[in-house]
Each structure stands twice: as C-alpha cells, then as structure tokens.
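All chains are identified by letter, namely A, B, C, D and E, in their written order; residue positions are counted from 1 within each chain.
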Amino acid sequence: MTPKDIVKITLNLVVIYVIGGLILAGVYAKTEPVKVRKAYEEKQAALKDMMPEANSVEKLGVWEPHDKEAEYYAAKKDGKTIGYIIETYAKGYSSYINMLVAVNDAFTVEKLNILDQKETPGLGDEVQQPYFQKQFKGKTLAHLVVRKLPTKVDIEAVSGATISSRAVTEDGVKKAVEMIKDKLSSEVKNEQSG
Amino acid sequence: MEFGKLFELVIAASLINNFVFTRFLGLCIFFGVSKKMETAVGMSITFTSVMMISAALSWLIYFLIMIPLHIEFLKIVLFIGVVAAFVQTSDTIMRKVSPGLYYKLGVYLALISTNCIILAVPLINAEQGYNLIEALAFGLGSGLGFALALIIMASIREKLELAEVPRPFKGLPIAFVTTGLIALAFTGFSGLITL
Amino acid sequence: MGTATFKGGIHPPDKKELSAHSPITGAKPPKIVVIPLSQHAGAPCKPLVSIGQEVKKGEMIGEPGGFVSAPVHSSVSGKVIAIGEFQNAMGRMVNSVVIENDMKDEWTALKDSPDYMNLSADELKEKIKAAGIVGLGGAAFPTAVKLSPPKEKPIDAVVINGAECEPYLTADYRLMLEKPKEIVEGLKILMKVLNLEKGYIGIENNKPDAVAKMKEATAGEAGIEVLSLEVKYPQGAEKMLIKAVLGREVPSRGLPMDVGVVVQNVGTALSIYEAARFGKPLIERVVTVTGEGIREPKNLMVRVGTKISELVEECGGLKDEVAKVIAGGPMMGFALSSLDVPVTKGTSGILVLPEEGIVHAEDFSPCIRCGRCIDVCPMGLMPSMLSLLAEKGHYEDCKEYNLFDCFECGSCTFVCPSKRPIVQLVRVAKSMVKP
Amino acid sequence: MEATKKEHYLVVSVSPHVKSEETTSRIMWTVSLALLPAILSGLYFFGLKALFVTVLCILSCLVFEHLYMKVVDKTSVVSDGSAFLTGLLVGMNMPASLWSFSPFEVHIPIIASLVAIVITKQLFGGLGFNIFNPALMGRAFILICWPRPMTIWLHPTSSFLALDAKTTATPLGILKESGMTELMKVFGDKAGLYQHLLTGNVAGSIGETSAIALLIGGLFLLYKRYITWHIPVSFLGTVAILAWIFGGKEGLFTGDPIIHLLSGGLMLGAWFMATDYVTSPSMKKGQIIFGIGCGGLTMLIRLKGGFPEGVMFAILLMNCFAPLLDRGVKSKVFGLRKEAAK
Amino acid sequence: MSNQASLGTLIRNGVLMENPIFRLALSLCPTIAVTNKLKNGFMMGIAVLFVQVMVNLTISALRKFIHPRIRLPIFMLIISGWVTVVDMLMAAYARAVYKEMGLYIELIVAFASILARAELFASKNDVMPSFMDGIGQGVGFLVALCIISFFRELLGLGSLWGHAFVATKPLLIMILPTGGFFAVGILMAFFNWIDIRFFGGSGASGAAH
C-alpha cells in the first residue's frame, strides 16, 4: 500500500463517516421527537380511552407483575380522583398478555383493554375480541372468576381457551385490582400513622 | 433459580422460538448450506461460536458505549460494523494460527458476515435488555437451535436426493415445504414456556 | 439349541424332498461333449489337442494358463471335432474343445497309489493339481492354489462344507450318504497337505442321516469333528460356515486363509481322494436335476461337457412350455437362455421351475424401508440403501455402505416385500465403480 | 433334442429365482386388519358419526392418491393399501364430532387427508420416501387450522345411532386442566378409570380410546413380525418411567404411569404410527433411540407443554430425526472391526 | 450485464428473470416473516425498494472516489446508514406496522441481494442505470412480497389489507410459520413449472445463499 493509498483510504473513511453521520444525525433529529411525541400521545390516548370522563391522568407508581415493569395511574376529573388505571401482564397459554385495567374509586372494573398478546390464533387470541373484554365492565373482585358455562354474573370463558381466559381474568385483572386496593389502603394507613 | 431461568432461555431460544422454524432468521444460509451434511456441520460449529462471541461483543458496546453516549440510533451501523470486523479478524487469525481449521471453516465465516441472523442476536439482546449472562445464553441457545435445524435439514435433504420428488418441486421448493412441515412439528413445543 | 450358526439369513422352503431319495446314478454317456477351457476361477487353459485328434478318457486336453488355473481333461474317449467359442451356462462365449464320444470309455493310464497316505504333502498337492481339481461348491477355485497359502498366513483348520443350504439341491447330501468314507479320506489328505491336526465337517441339521453317516465314518478318526448346523440360508457360504463352525469372522473383503482356515466342498473332498488314490482327474461330478418343472428329478453322475439338454431329456423332459431352467440353485444360480450349453466342473444342479413358479423381476415397487433385508443380510449390510443408491445412479456412495462386502447371496432379495431386484442393482453398482 | 429346444420358451432373469410370499400390499392390508378391533371399539362408543368420519377419511385418501397419480401421469397403485391405511389412521385420529354439517365441519377430515396424501407423501416422492408420518401430519395441520372443532370430544355413548352431540373432556384434558382429584370425581376411583381407559369408554379420537383393542392389534403385528418390539417397548417404557418420576403432584416418583400409558393416543401411536417403516429409522439401535425420543417428548408435552396430548407432536418431531438416526447408526458389517475400517 | 442493456430490460430482469426471492432464493427471512399480512409485506417491500435505490445511487455516485481495498466495508456502511434512516422514519411515521416487524426492517441491512446489486452493478455503472437497476430489483422484491402476502392473508385470515371478507379464518395455518414456508415453496414450484412447461427451462431455482 502506497502512502497515497493510505491517504485516500483515510480520506474515504473520514468523508463517508462525516457525511453519513450528518445525514443520520439529521434524520434522527427530525424523527426522534416525532417518535417520542407520538408514543406519548398514543399512550395518553390509550389511557384516556380507559376513562373517558377523566380529564387528566397522573402516574402513581410502578409495580412488577411477572418481573415486568408496569405503571399505574390515577384518573382525575377536575383534580378529583375518580378511578385508577393499571397496566399489567398475565401469564397466558403461550405468551404474557399485556393489558390495561380501569377501575373506579369503588374498585369496580370499568374497562379492560388488551394491548398485546401472542396466544394461539383462533383460540387464545379470541380474548382480544370485544365480546370477551366487554364482560368485565361492572365486575367487582368477587366476580372476577371464570366459568366455562354461560354466565352473566361472572366471566364466561372463551370456549376452547379456558387457560387464556383465566389468565386475563384471574392473573391479570383480579391481581391488578387487588394490587391497587392494597397499595391505596396501605398508603391510607401510612398517612394515618404518619 | 437464576440457573433455571438461563436454562429456560436457552431452551426457548433453541426449540420453542427456533430461529429457523418460528423466527424466520438465517433462512438464506439455512437453505444454502443444508444440502450436504458436511457443510451443515461445519456451518453449525462456526455459527454457534460466532453467535456467542458477537452477542458478548455487541452487548459490551451497546451497554458500555452506546447507551452512555445516547447513540442507540446508530445500533444497526455499529453492530454490523462490530460483527463484520470480528468475523474479519477471526478469519485472519484463524488463517494464520490454524490453517487446517481455516480450510474447514473459513468459507462459512465469509458467509456469516453478510447474514441477517448474525445481526439479529445483538438486536434482540438490545431490545430485550438482557444482561451479559443472559445475552450469552441467548446467543448459545440461538446458535444451538440453528445448528439443530441445519443438521436435521441436511439429513433430510440428503435422503430427498434419492426420492422421486416431482420436477417443479426439486431442490428449493421441496426444501421449503419440508421446513414448513418441520415448523408444524415444532409447534408441539409451543406453550412449553411462556414468553 | 446349541446348533452353530451366524447372524441373519433366511429360511426359504427347501424343496429337497423332490430329489433327496434318488440315489446317484450314472448319466447316459453323451454322444458329444463340449469342454470349456475355462471352467474355473483364474486364467483359461491353453488347448493341447487339435481337430481330428483321438483322445482317451482322462487325457489332458488343456494345460493351465497361469498360477491360478487348473488343467482340463477329456471326459470321454473319442475324436476332437471342433475347437472354438461355444456358449457356456452364464451365456458367455468361451473357448471349448468338442469331442465326439466313441462310446468305448477307454481311460488313459492313471497312476494308482494304494499307499497315498504315505506320500509327502508336496506329492499329494501335485496330484491334486494334475487332476485339475477345482472347488465344486460354486466358485470353482483351483484347489491346489487354495492349498498353497502364503507363509504369513498359517492355516490351522480345514472345514468340509456339507451345508448344501441352497434349496432343491441334493448332490452333496447324496454324496455324504453314499461315499462318507471317501469324503473322510479326502479330508485326511487335506489335513496332511496342510499339516493340520484339526478338521471339521459342517452339515445343516435338516440332513440328520447325513450327519449320522459322517459321524459313523469319522468314528475313531482323531482330530475330525462333525458338526450339525442350524438350517438357514446361506449357511454354506464360507464366511458364515467358518463363523458357525469355528466362531471366527473372516475380515471384511478378506479370505478364509486370513483366519487360518481352508474350506472345501464335500464333492471336492471326494475328488481329492480319487485323485490321490487312483490318480483320477476331475472329469465328472454329481449334478442334481430337479424342480417342479421336470418330470423325474434325479441325482446324476455327469461327465463334464455333457449338454444340459441331454440331462433334461434323461429326466423326462420339461413339464411346461414355458419354464425357467437354472444352472445351480434357486438363490444364486444362473437362468439359462439355452439348454444347449455344457455342464462344467462348477455345475451343482439343474433346476427347472414351472411357469407358475417364476417370479418376474420387472414389477417391483419402491422400498418401504421395512428393514427385512437388513435383518437377513448375513454380511450385516444395508441392502435397502445399496439398492436405492444404485437405482438412482449414486454408485460411488454405495461404497460407504460396503458395497464390496456383498457376496450376492440373494437373501435380501428373497425377503423384500417390494420385490426389489437388490442383487441385480448391487451387481450393476459393482461394475460401475472400482473397489 | 432340436425339437425340445424349439418347443420351449425359457425365462431368463437374475438370481435369486425364488422370493418370499410377502408383498407390500399384504403388509398394508394386514396392518389395517390389526386396527380392526380398535376401529370396532370406536364405532361402538361413538356410533354412526364415527363411521361416517372414518369412511370419509378413507375415501378422501384413496381419491386424492388416485387423482394425484393421474395428474402426474403415473400408474395408480391405490391397491397397494398404503393410502387406505393412511386414510384409516387419519380417520382414527379424528374426533367423531367432525361429522357435523352445521356448523359445516366435514371439510376438515377431507383437508387432513389432502395434506396427508398430497403434501406429506406424494410431494416427497410417494410411498417409501415421505419424511413425516402422513396421517399425523394431516392431523397436525387441521389441529392448527381449526383448533376448536378439533378439541371437541363426543361423549362415548353406546347407542349407535345417537345423533345428539353431548360433549365432554378427554381424561388427559381433565388431568392437565383440573388435576387428578377432578379426574377421580368423574370416574369414581382408579380401578374405574383404568377400566374405562382399557375398554375405550372415554372421550377421545375415534380409534385411540380402547387400549385393550389397540394392544391386541399391536401384539398381533408383533407376532406376525410385521413390527419389532424396539419402538413400542422403548416408547411405552420411557413414558411409563417418566410418568412415574415426574407425573405426580406430590413430588418425584409419585406419578401414576398406568393412566399415562392407557390414555390419549399413546397405544395407537406406539404400536401403529411410530412403527411406520417409512418414517422411522431402519436400524434397531436407531429405533430404540427413536422410541425413547418419542416417549420423552410425549411426556414433556403432556406434563409441561401447552397441549394436553403429546403423542402426535412427539412422533412428528422424531420423524425429523429419523434420517439423522439412520445416518448415525449403521449396521455392523461382518468381519469389519472399527479399527479395521478403511 | 452490459451497460448497453436498456433500462426496460434492467427492470424486467429484476422483476421477472432474476427475482431475488423466487429465482435466486436470496433475502428470504423477511419474505416469510412479514408476509402474513398484505400491508406488512407491502411496507417491507417499499422499505427494501427505498434502501436498494438509495444504496445504488450513493454507491454509483461515489464509485470513483471509493478506494477498492475498503470497498466492501464502505458498502456495508452505506447500506446500514440507509437502513437506519428507513428504520427511524418508520418508527416515527408508520408506528403500527413498525411494531409488528421492526426487527426485520433493521435486518434489511444484511440482505445479500442488496449488497450483491451494489457490488455487481452499482459499483460498475453510472448513476442513472444504477437507479433503474435499484428500482428493478426493489420492485421485483416488492412484487414477490405482495404475491406471497396476498395469498397468506387471504387464506389465513380471510381478509386483505385488514379488510375481512369472511367471518372465519379459512386456513389459519397460512399466517403461521408453516404457511409461510408452504407459500414460498409452492409459488417457487409454480414458477419452476411455468419455466419447465412453457420455456423448456430446467426448473432449478435457487443459487445457494
């Protein structure tokens, strides 16, 4: 390799890196804020959707269902807490099912939204269907149990996917409600004792 | 418990989420070198070792350099650079130190550096936020799973050489159908470990 | 059950009762004999006679063409009427001497040796060589060569092969019943030539009377043992026989002498005795003419060179218009395309299968990998793979499956439910690649 | 003598000149015969619906085989019995509930037959060349496509013509989902359960429920030497041992091997499907490894996996390894010692 | 491929004769991974098209400037740069699709077909032909992905571009791994059949790797 080659190679590298770096940095600078903003908006929209009557949602804390990080929020209307939104994970048939649960201040379920799951198409993934998710509205802790027969009081399993149904109901929603109830009562206790 | 988790990770990466049969990675190489058992074995060995080392290397770069500097967005450029550089270096070293081994495995090294699977492991590691040990386990599992797939496929394709496969299906098409059927058999592992 | 045997093998219906009870009788003297100059493994003979020459019975008409070779003698007295290429049983054209029988049966002078047991080993071997003796068990390998093992391969046992495992054939069986003493003498000569203490006679135990006869004949003979072997084809193949009798495994692609053994057929033993005692050359042998397609199955003492058509005639002729005539047994014999070919030193039987007994080799189906062929292969091969590879033209790959260890016994082909012509495919493969 | 020569037509072919009576089609038909007790038991417990489904599968397989041969211009060999046997086995692996026209479900067995015959068998070169067990591949395919109908099990009833569709869970399904206590509740006690499992008076695929009928067929094949002991024994043995060690809830070595041996598709799989010559290794040593692999995977899936039953996937997974096992395990060649190998 | 070849030929080659997927069997991973829905397949195709064209352009423009010794590393650098651009763009503007197939977008960087075109064509030709070649190759890829994902979504989900035609899923397996391999295998065989039947070809597809 002649010195000329070395110079040329160095020049090559420098030029390409500089130009490439500039382009990438430029695109990054342009897209990153969009990405962050959109992600934020999506999340807010999702949270909002959980409690339409609330006009602000405030993060309360973080918990770790199945060692995964999840947040929970207080939904407020005109500064007054009207309910809570909890993100959770449930151990399903072949995947962890990611969902948002909304409860009102009496800890009755308002809404369930399954965000992500990789259950068996045609079986377990039916839990994503509205007919299954709608059942949860108005259920209290005592009625968060799965029945395999038609029921109006409790949760009726998706037929052929009892495991997934149970996961959503008992491992997901129920535990989330229990958690928020626990946390709040201990906070209350703390406040009282403190 | 920690060990149990790692074991699960290896099993999951090799069987349940086998790169070839469920994740669709490394298919070009998979179909390219599974015609003969000899090449399949050579590739398997090369692959598993490269997989683990590049998992470790890229983990170090990602967590010790890129995250502190906030240049995660360059991960594609840097990972491919690191992996290619590593493969190139081992190529050179192997040629000098062990020409015999180089003669056997060198050609696979060259194939690997332009393969998507080699990049997939660092990317998945980064996405999942695995720690170093987990990243290594994942690299190992993926490598073993790929090796398993290659060796099974090579033995089947050698057998198919003698079969009267309909002419339009000869070669790659029947290999694809076979892979589909193996993938179907591998769904038997689904639900074994929740991921 | 204690009967010695080997791994694998098959049990085809043995059909020996067709001819088992007919004593050996002399065949009618042929009017013409066609004596091929190459009846043995090894180099062909050079003719010693010319057209028009008168020859005596037992006169040498062809001299050995090399070390692995054996002289050929006239089986009749008469006149040489032609020398040239004639078809043999395998369908090949071979140089042959045609002699017209003058029906006088005049012998040449033979050298009688009543005290043959006192001759030296070399003298005995010379007699065997001069008598043109070759193995009568199948391959027709010159016996004298077998008896001259190289120094580095010491021989410590000789085995007389009385298995006669091929279905239908009864030539060796009748010999053992009718000439047990002579066979034992032949064995003793073999032991003397090779300077051995031990000799064995192996007989399949579907021939208990032959076992009894041979035991009787060997009573009081030190060092000779008669063993009854499990009935199973190919018990008589020499590698299997040695495994059964001595428990030794002839190495892959090796020879019996690699494990210190010489194997000879019972007929060969008899010829050895006759050569040593009377100086009689090998000009006739026992041939079983049998099968459902022939009217009167017989065991005949036949002169070498007799046309097969004459034997068929003597046994009442063929029953059907369409038939398969086989030189040898049903497992390894050759189907004849013409009956106008001569009996040679290696012809142990003429088998006639009637029309309904013919299996057509053409309609075979794919291998279903049932593994039956693998179970029966006495050599422990994978005939299924051999046949598949050969069928698809992957001849080189056959070697990985030990192509050249196959001795074409046909066991695999017999059992194959898909009727695959495995032996044929193996032969094709063998002809396409170098060992 | 000239005359003799003229009169006769001599057939020439290569040795050997005698062959055994065994033929491929005789083997296939005999294996079908050995399945008769099991299919009769299936018909007894699941009635006309089972008959309908089984006949549908057999006919579809025969038709697909014939059509394929016509399309590729080969002579049709439907009479060799292998397509019939495949069809019979496809049928025996279906739940009888698939007889239904409303909701329309009869296309399911037909597609299973299509996958079995055309994709799994013929695309790979036809009889003798397929890598995977056709009947099981057909079943796996439809299980994934229509998981719901494929997991609806008719209640075994003794009334042949009953068209009601009372459904229930399979014993293994109950065991997996609700545990042993629930199982005992349904069947009374262990003896009652064993009895049901032996006779076949439980929910399940048409031909898999009666362990005793399958055992009779399997032993018949063993006696006729159409199969050897290696695969069934190593398969069943592995299942029994693993069930005993890991099958119990109270800890190691508390499991009940008998339940696992008698239930699900194990008997059918071990005697009739893992033993398929074409898709299993041909060397004995390979067959034993194959059987152990099948047993191990079956129990892994039954105890830890997502499916209540693992026999089908276990056999299909081991089918992938059969060519490898054949390659790795070679016969011991006479007179060839390891070090002597050239 | 000579420089005289018309632009039309170049495109036709890419789309038909040397289709990276069906004829060359290159870049197979995304072919199967993202083609369970038409929309995903299409987006992937567009992404590849974009990268291929931009890479070809960049390399042909810089080809005199790049020192041959470090040709390949530079090519890789350029490719990974453009892939990063696509990755960031999609992450920001096509979020739903990106969530489903982000990994495979990033893996475009390792597509043998892109590097192969860069090396075999763009590094030897002018900007304009290289641009056309990129379009040809990219469109070929796009078409293949669309064909595969068309069948897979239609059969597997009974819908197209997310619009359902039937309430049931006709052949669910088609959107699963098995269905992906089947679809590619059967389509390849179909093209082979056409080749054999109508053009007397050998029907052998697939240069290894």
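Operating definition for what follows: contacts are C-beta pairs under 8 Å (C-beta built on N, C-alpha and C of every residue); 3 or more make two chains touch, one makes a residue touch a chain.
Since we're looking at a predicted model, the values are computed, not measured.
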In contact with chain A and with chain D at once: which chains are those? Just list them. B, E
Show which chains lie in contact with chain B and also with chain C. D
I'd like the most central chain, judged by C-alpha centroids against the all-protein C-alpha centroid. D
Between D-E and A-B, flag the pair that has more C-beta pairs in contact. A-B
Chain A-chain C separation of Cα centroids, rounded to whole Å: 87
Per the centroid of Cα atoms for each chain, what is the distance between chain C and chain D, given in Å? 48
Averaging only over C-alpha atoms, locate the centres of chain C and chain E and give their separation in whole Å. 70
Between chain B and chain D, tell me the centre distance in angstrom, where each centre is the average of that chain's C-alpha atoms. 34
Which positions in chain C are in touch with at least two other chains? 366
Touching two or more other chains in chain B are residues 73-74, 77, 162, 164, 166, 169, 174, 177, 181, 184, 187, 190-191
Two or more other chains touching the same residue: where does that happen in chain E? 77, 81, 84, 88, 169, 172-173, 176, 178, 182
So, with touch as defined above, which chain pairs make the list? A-B, A-D, A-E, B-C, B-D, B-E, C-D, D-E
Can you name the residues of chain E that touch chain A in the complex? 62, 65-67, 69-70, 74, 77-78, 81, 84-85, 88-89, 91-93, 95, 169, 172, 175-176
Given the complex with chain D, which residues does chain C contribute to the contact? 6-7, 10, 12-13, 167, 239, 243, 249-254, 307, 309-310, 312-313, 317-318, 321-326, 328, 330-340, 351, 353, 357-361, 365-372, 374, 377-382, 384, 401-402, 405, 408, 410, 413-419, 421, 423-424, 427
Show which residues of chain C lie in contact with chain B when the two form their complex. 366, 388-389, 392, 394
Looking at the complex, which residues from chain A come into contact with chain D? 93-94, 120, 122-123, 159-160, 162-163
Chain C-touching residues of chain B, taken from the complex the two chains share: 161-162, 164
